[in-house]
Amino acid sequence: MDRKYITRRETMALLGSAAAVGMASGPAFGQAEPPKPASIVVNHSGGSMGTAMRKAFFATYEKKYGIRVVETSPADFGKLRAMVDAKNVEWDITEIGGQDAIRATKLDLIEKIDEKIVDRSKYPEKARSPSVFASSVYTTIIGYRTDVFKGGTHPKSWADWWDVKKFPGARSMRNHPTDNLEFALIADGVPKDKVYPIDFDRAFKKLDQIKPHVTVWWSTGQQPAQLLLDKEVVLATGWNGRFYDIIKKGAPVEIEWNEGALKQGSFVIPKGAKNPYWANKMLHEMSVPQQQAIYASELGYPGLNLESLNFVDAKVKPYLPTLYVEKQFWIDDAWYAENGAKAQELWNAWMLKKA
Amino acid sequence: MAPSAELRLESVFRRFGEVRALDGVSLAVESGELLTILGPSGSGKTTLLKVVAGFEKPDGGRVLVDGQDITSLPPAKRDIGMVFQNYALFPHLTVRQNVAFPLEMRNVARPEIDKRVGETLALVELAGYDERLPRQLSGGQQQRVALARAIVFNPRLLLLDEPFGALDRKLRETMQLEVRRLQRRLALTTIFITHDQEEALVLSDRIAVMNKGTIQQIATTTEIYERPASGFVADFVGESNIFYGTAGADGVVTLAGGRTLNVARKVPAGKNVGVLVRPERFSNTAINAFEGEVIEAVYLGSSFKIRLKTADDFAVIVRLPARGKLPAVGGRVSVGIEPDEIHVFDV
Amino acid sequence: MSSTSKGFLPAIPALVLLGVFFLYPVIRMLGFSIETGNLDWYAKALGEGLYLQVFWNTFQIAVFVTFFCLLLGYPLGFLIATTTPFWATMGFIFVLLPLWTSVLVRTYAWMVLLGRNGVFNRMLIDAGIVADPLPLLHNLTGVLIGMVHVLLPYMVLPVYGAVKRLDPSIVAAAQGLGASSWRIFWRIYLPLTLNGIFAGSVIVFVLSLGFYITPALLGGGRVMMIAVLIEQQVRETLNWQFAAALSAVLLGFTLAVYALAQRAMRPEAAR
């Protein structure tokens, strides 16, 4: 880790907060709260996500509390574990993947969320985990070129996706077992609520059929959007926000939401974080529906505060996955927490196999 | 062995930006002759050698070997052997491979190569060193390899670029004589480059003295020493006392301060001339006397070297046979010089 | 002897630095790999077909990359070392430019150039050279192009250095002795720059073994190198013991290659 870099940031943060303290010291707070740090550190995936978070959450947080929000990236479970193990936790909040959140809970790497500070009363029951804050919803769905598949002639299900005669053209899928195993089973006729536990043999056998038609197995989220844009492929699975981004900019690309794989974006407070109180304050900021609406409009990833949709522009709404939850299915993070390693190994072996 | 070639340069020019490295050089080297190009650094002698070898293209003029114009021939096609200042041996090849190299380049048959390499190594007294690498040899041995490599293919010309500079004095003298002996024996037309006038006198048939891109004088060694054509040559070759003055009637030259010298050469009256007196030509004659205080006196084994200062402010170097006692510094000495020992040159 | 011990003192900060930031992490890593008290993770790394296959792929790709870097880098280094100062500077700028650009940017640039509808294929099709786009991307070809581009400077620089160190009078001597340019190259330049070739090849080969981003992006997922699997074990599967074992095997292999190269180079290095 580049210690010098952090020090410089901390110095900058200190300077910023000196000004902020001057501003905020006016009104006295009734409630006893821990002293304000100069800054808190929020770790996330970076890129456009950081920009959107700053716009939706960090800016108001900084203004409200006079605490500087320092951003780091990317989200890295290995690093989280190393930090907690070393008792030197640099992040106050970090983004975390779905199955990682489950493992982190098991490994006791994360703090409980303070319900007194973070108001999740408007969240769906399922999304109120005691230590994992559900920040947003995203889904892996089909993106397609509208100049190739005109007037609704695009594949509308995973069975269609597998039907290369009816829907010819180069495809791109993620170089990862998650999503693809499920899509294969659904294409093979498994109802989407009966996908788990995954039958590896059946899934890989089905994947064998599509393998020759997949030109690119993508590894970064930006790739599928770019591949469609460059017409390198005409069909790609990808995260809805990435497609939304190029559609917003006028690309001849559309989204088919049917049978998408829903996932939840999560944030947690690492065990031993330096400013847990102020970290909870940040999570609260991220639960405010108006702020979530801003975030959703930016990225296409809606928050889980059910009221937030009321604050979203009508033009944006059709691109938010929360609207299509019924047609889709949730990725089972618990299953992956158990079987992820094996799935990964089988996937690697399958990728190595000569077609 | 075929008679060695003769070389002719016809008004060769080469400039580098503003510097005229060769400013119209013409010379002829006879078959079997060893011509030394002598000059200070920057005089153009190395450029001259490069033009002959083909590493530099002249801006004007021609280079002819046996009447054939080779001016635009690449080095590889010239058949000229060259010994470089630092020998430029191939560090990764053995002595034998180094010497065989020019023969291999000429596609000579293997048995013939072996025979000639053996003979040439014997000639330079390196038989038995065949399998050594250059770095395993002494400086003198490396030089012999370089020489063997340069002559093994019976080149038309041999070029030696200050080859003795890196050797100590004793070895250098041995090598000088050896090279000279070999060159005579093979009757190989050779151009030898040096800035060391002593070396030039030892080795050469003729010497060409170069300065500022031109040849000042080209003549036999005695001619250069005894009758230099200019003040530069007189000064550059050997120890010298050089005075300038005006010729009068009856072989008298008047120097600065009014001192007169009687000389043997008849010069038109009123002409400005230079006068050269070699230090060892002074004697105890009363003619053309220089009397003065001893500023410096050095014993040199075979001679005394004395620096005199005359009353009319002439500084004179004198060499006397080392007989008797070395004159004391501060003492007075008087020497003279016969008129026919004085060389008068035009300025 | 005393000069060696004197020369050792200024090296101490560097050694401490190496010890703290290099040796210690490596020892920690080796510790992880045997944390379970046995060599099971090594048995897995060296016993299972998947991992052996990926090690073998990695080795093959490293050999290919080294070969192509040599093929391009030797003439390039040679030209830069022997051309005029102006062209040498230009050459250096072009060779070193990729070193100053992020790997990700370079890789995306290749995607734009090599894709089915990329600049390259469009030019070829417009010129009527090919009818269908060539598969230059999302396969081994793409990976090799990307890796060679990134690693080329590591070949060019040692070759450049070796050619520059060569005494120009040696080349002149060979010319004067009747050697053609071709023979000068084979008999003089090539043997006398073997050091540079060896050094460049070892650096490129060793760096190739650890490549991660380029194969993942330009290989379309089909080209699997060991660093990708190690990264999966560290970040996704969180099996650090196995990741450490895989890393240790890779490290051992790299050191073996290095030792072999050192031995091969020794007679030359004595020069």
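Labels A, B and C are assigned to the chains in the order they are written; within every chain, residues are numbered from 1.
Please note the rule applied: contacts are C-beta pairs under 8 Å (C-beta built on N, C-alpha and C of every residue); 3 or more make two chains touch, one makes a residue touch a chain.
What you are looking at is a predicted structure, and each value in this text was computed from that prediction instead of being measured.
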item: Chains touching both chain B and chain C; value: none
item: Furthest chain, CA centroid comparison against chain B; value: A
item: Chain whose Cα mean lies nearest the overall Cα mean; value: C
item: Rounded Å distance, chain B centre to chain C centre (Cα mean); value: 55
item: Distance from chain C to chain A - Cα centre to Cα centre, in angstrom; value: 35
item: Chain centre separation (chain A, chain B; CA means) in Å; value: 87
item: Of all residues in chain C, those that touch chain A in their complex; value: 49-50, 53-54, 57, 108, 111-112, 115-118, 137-138, 216-217, 220-222, 224, 229, 232, 234-240
item: Touch list for chain C against partner chain B, complex; value: 167, 169-170, 172-180, 183, 187-188, 191-192, 271
item: Interface residues, chain A side, partner chain C - complex; value: 76-78, 81, 103, 170, 175, 215-220, 223, 226, 230-232, 340-341, 344-345, 348-349, 351-352
item: In the complex with chain C, residue positions of chain B that touch it; value: 53-55, 74-82, 84-86, 88-92, 101-102, 105-106, 135, 149-150, 153
